[in-house]
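Pasting the structures here.
Common to both upcoming complexes is chain A, partnered first by chain B, then by chain C.
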Partner chain A sequence: MNTSGIARKRRWSGRAAGHAALIVSVLLFIVPVLLMLIGSLKPDERVLVEAGTIKALWPDSVSLQNYADVFRRADFARFLVNSLFITGSIVSAGLLVNSLAGYAFARLRWRGRTLLFNLVLAVMVVPFEAIAVPLFYQVSILGLRDTYVAQILPFIANAFSIFLFYSFFIGLPRELEESARVDGAGVLRTFFFIIAPNARPVFATVAILSFLTWWGSYLWPLMVTIGPGVRPLPVAIATFYTLPPLQWGDILAFGTMMVMPVLVVFVAFQRWFVRGVAASAVKG
Partner chain B sequence: MRRRKALGDQTPVAWLLAGPGLLGLMLFIVLPFLLAVVLAFTNLRLGSPLPLEFVGLKQFARIVSDPGFQRALFNNLVFAMVVVPLQTGIALGLALLLNRGLRGTVVFRTLFFMPVVFPMSLVAVIWILIYAPGASGMMNAFLEMITWGAWQPRDFLRDPLLALPALMLLSVWQGAGFQMVILLAGLQSVPEELYQAAALDGAGRWQQFLHVTLPQLRNPLIFVVLVTTILAFRVFDQVQIMTRGGPQDATTVVMFETVQAAFTRQQVARACAMAVVFFLIVLFVTGLQRRLLRQQSEVA
Partner chain C sequence: MVMAAVAFHHAEKVYPDGSRVISDFNLEITDGELLVMVGPSGCGKSTALRMVAGLEEVSNGEILIDGQVVNDWPPQRRNIAMVFQNYALYPHMSVRGNLEFPLRMRRLAAAEIRQRVERAAAMLDLTALLDCKPRVLSGGQRQRVAMGRAIVRDASVFLMDEPLSNLDASLRVQIRTDIAALQQRLGITTLYVTHDQVEAMTLGHRVAVMRAGVLQQVAAPRELYENPANVFVAGFIGSPGMNVVRGRLEKDDRGLVLLLGAARVPVGEGTRTGHPGLEGWCGRSMLIGMRPEALSLTEAGAGLMPATVRSAESLGHETIVYVDAALETVATDVAATARGDQAAPPLAAVLPGHRPFKPEEVLNLSVDPDRLYCFTPEGERI
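Showing the complex of A and B:
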């Protein structure tokens, strides 16, 4: 009884230490986020002055003036629509194109399958940065600089997405297709009505991973966009930061508005985000 | 009849399904990649009066002897050597803490993962404010507080010694949550019986960690380490927004040099040669990963 009491006490102190470590780490982790959220509500000139004090995280007064200023000083709505349109197009078209390809590699018998699948695996190794410059010249020659097309079309087909779909489809039971075949359904029908509804987790994984990749993409839009017309948010905030006069409150309000929609979706679907990221590693 | 057809060749419909994806990969990855390899052996420079010609390995010789590019490679390497162990260590620590089933685990996990949904360009802008020079800057004030006033305020992003570590820190902040989630999934798939068996053999907490947890986490750890290594060579956004490679090349990286060559100096061929070198580095790291993972499956 005595020993179990000690063990219990030790377990309790272990728990307390674990909780303390977690709370300290979380506080350090969320400081930059709080600095952004709270700074966006403060008068511009106070943000920098108070950044080194507790007032950085605890404002005296709160106002939405900075948010109004962002809309006055920049075409925020346009950048948001650009980002949503570009990322939405890549993700939705990518889900269709890559799932079909993954299915063909996983479940159909055809000539060239092995060779082409090895090509997909090889392409997976090429990071975007290695081809950014030649791709830029390719796009320029086609006269596609400063367009949506240049920001969407090259990224729809994705080797890693094909691979994720392939890995998932290959693990589905064969009976799914056999029952469909008995009913006389063709390949496309089988895919859309039998396979896809049974593959929601992999669709969610690919959607989340490609969304995170392209929503935050900076290098490529920096290269191909010229004016604000088709410019997405990541480039827009870097430009807004350099727009004189330096108004930190406005910049942080811009940042808050830029990340808020994603943050809301993330909190609502955080289980899916976590599962999606974890799945990318297991399959990789 | 139908059954025999179903078992037979499905080439036409397979091409229909895989065609768009394969076409995209060919046009937007394979083609530009081949273009980069070919151009790297030429003297192409936009607006140059010289005729286009094949120059062999001259571009590669040039970039290898270019101090800016050497410094960039060195910085990428330092970045990888610091960020990879630091970020993996933090991620593993957080994952272990979260795996203990303490109350509020989901909330903590959500908060640690939150920076992952922040675009790097936004992270860079926020951290410019954090690194503001002078005693009122947040990082300066924090360091002063934890050193009981011994810290003298510095201008992090214009300090040749501190600029690169400053960039590393925010990269760790943004990336640790991603790794943590992967490691946590790995931890959760370790069979409980292994720990029970180890405890029966008299293994303490630390021994259980060394002899059960770490070997079981081998594959997720290899994955996380190599993905982060590759990311350390892909670094660009933070450098472009926060320091532009400065001060005195202290934060220049391979991608920054490539973009400079391509867009500031219009040296297409040289930029392509840099891209090829960059690709070879990534290929080497990936090969290492595949090799390590294969060894594992042979042992198992």
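Showing the complex of A and C:
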């Protein structure tokens, strides 16, 4: 075999090894999701029995009984509505508040801007667990336990979201805003008519990231909710898990239904999300 | 159409770090005038324009529009329209949306908005493009949309910040002509910023030359070319700019004579008329300016000086030849900055027709004694 043939073979085997590594990584992520989805479609007694066999991924029969059981045994619709309302409120109010804050930090000149922005950056490194207890006291004192407000209000303003918006806005051409101002728009109209429509990638990025964060939030709702009235899905599934009789098919069906909205949101915003993440990465 | 005069009264711009971009700037632009501010990069011309727009705060002094001090007015209150260097079209809006935006911000009735947009689009040949997004337009079309967004407003002042610098050479000439015609037709007071002296000379009713934040001279283009106030203006206006050399004024039996290196050049009547106080400078050193067009080839021994060709550029109808001569040439700081060194610049001569000069070829040049310019050693016109 000549030199170019050897080089070509090496290149091919290098590429094959790369693809193999990627396939293994993808399987590591996707297999648990597939197990959940397929397990939720099996008769309850088959789930654990077939867990270690090929039938875990290739069931003999398919049934929606587990899904029906979830609705029968738990008030799933209510938990779903709670989760949608809480997460939707945090995401939509957060988009408004954090984008305006990011814009103010990126573009407006005001006294104390640098100090406050440094504080925002500092808040980013504080883990939620560190402030959970003081926040719990505050919410209790205000009489907000077991309410939607307690689960929404503390999380609308978000340092990381502000930082993402700031990074994007700082890179937009300044002439766009200046042109809008000369054309007669004030600060708010410039933001809503000119800046926001040109910032769809960052809005999508922040929407997806905060949706994922708050859809799966467990610790805080567990602390502030008492009864099932305002309880979101993550706390509800934990409670469902402890509800006798222990039925794995039902639990997997519950989990599958809990994951679906996340997939819908991701697919809807994916195009903008990728652009937003890329843009943030380029701008550092 | 509402028009307005614009004035700078002792206007200054000093940034928080102490850098002074505009110093004691005084300038009046009359109703309907097209005034071009020109100067090298960083001379403060765009900053001055942005101060009129309200996009830069005025540190000291006043900016007046139509007699009213507007220092504290936000841009939207000044009734000005601005064309930016990169056009600043709104990328998410169609051409129609871009043209409508300033009118919608002023809450005009829908019928009037439509009428004005259609009128502006027809004027600028944009009607067929009204539903296109800016990203599909060519540079020239984008430039026209930017112009349209300015004229649709019936603004009292137009501000243009290097609007042609992103276009290729041929389009630049065409749109330059269009802008001149449009301004003449609409008669709107216009402040136009450029670094291109050809643009300044061809467009401006008057031209203001700036350097390092200081206004050097304001005059009609021809006046600026024929009577530059200092060496900087002499070097900046004209292509190539004026040659400046060190010399000395003497008086002999033939009258006033300039000593340029080894050559003695009698001062002609035209030169004397342009410099009323010249005789007082007898026996003193000075800077002498010679337009490249005032130099010509002559027979051996009869000329000003022998000169060695450094390089030549033939433009077809004329040839620009750069030569080294036994003269102490002085760099106007424009040329020095462009070259980035302190070496003595060559002498430039513009000669008619195509002439195939070779490097190291020796020429004999003479200068028109009626077309000399005399400056103090500090560079001010005598």
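Note that in this section the second predicted complex is superposed on the first by the 235 of 284 C-alpha atoms of A that agree within 3 Å, B and C clash if a C-alpha of one lies under 4 Å from a C-alpha of the other, contacts with A are read in each partner's own complex, and residues count from 1 in each chain.
Rule of thumb we're sticking to: a contact is a pair of C-beta atoms (placed from the backbone, for glycine too) under 8 Å apart; a residue touches a chain by one contact, two chains touch by 3 or more.
Everything quoted here is computed from the prediction, not taken from an experiment.
Participant: Which partner, chain B or chain C, touches the larger number of chain A residues?
Facilitator: B
Participant: Using the superposition on chain A described above, determine whether A:Tyr103 touches chain B (first), chain C (second), both, or neither.
Facilitator: After superposing on A, A:Tyr103 lies in contact with chain B but is clear of chain C.
Participant: Quick check on the superposed pair: does A:Glu175 touch chain B, chain C, both, or neither? Answer first, second, both or neither.
Facilitator: In the superposition, A:Glu175 contacts chain C only.
Participant: A:Gly184 contacts which: chain B (first), chain C (second), both, neither?
Facilitator: Touch status of A:Gly184: both partners.
Participant: Counting only touches as set out at the top, which of chain B and chain C does A:Phe193 meet: first, second, both, neither?
Facilitator: After superposing on A, A:Phe193 lies in contact with chain C but is clear of chain B.
Participant: Quick one: classify A:Gly249 as touching chain B (first), chain C (second), both or neither.
Facilitator: neither
Participant: Of the two partner chains, chain B (first) and chain C (second), which one does A:Phe136 touch, if any: first, second, both, or neither?
Facilitator: Only chain B; A:Phe136 stays clear of chain C.
Participant: Would you tell me the residues on chain A in contact with chain B in one complex that are also in contact with chain C in the other?
Facilitator: 181, 184, 186
Participant: For chain B, which residues are in contact with chain A within the complex?
Facilitator: Where chain B meets chain A, its residues are 2-3, 6-11, 13-15, 17-18, 20-25, 27-33, 35-36, 39, 94, 97-98, 100, 102-104, 106, 108-130, 132, 135-138, 140-142, 173, 178, 181-182, 184-186, 220, 223-224, 227, 230, 234, 236-237, 240-241, 255, 258-259, 262-263, 268, 271-272, 275-276, 278-279, 282-283, 286.
Participant: Which residues, counting only chain A, touch chain B once they are in their complex?
Facilitator: Touch list, chain A to chain B: 15, 18-19, 21-22, 25-26, 29-33, 35-36, 39, 47-53, 56, 97-98, 100-101, 103-105, 108-113, 116, 119-120, 123, 125-127, 129-138, 153-157, 159, 162, 181, 184, 186-188, 191, 212, 215-219, 222-223, 233-235, 237-238, 241, 248, 251-252, 255, 258-259, 262-263, 266-267, 270, 273-274, 277-278, 280-282, 284.
Participant: Which bits of chain A are touching chain C when the two form their complex?
Facilitator: 173, 175-176, 178-186, 189, 193-194, 197-198
Participant: So in the complex, which bits of chain C are touching chain A?
Facilitator: Interface residues on the chain C side: 53-55, 74-76, 80-82, 84-86, 88, 90-92, 101-102, 105-106, 149, 153.
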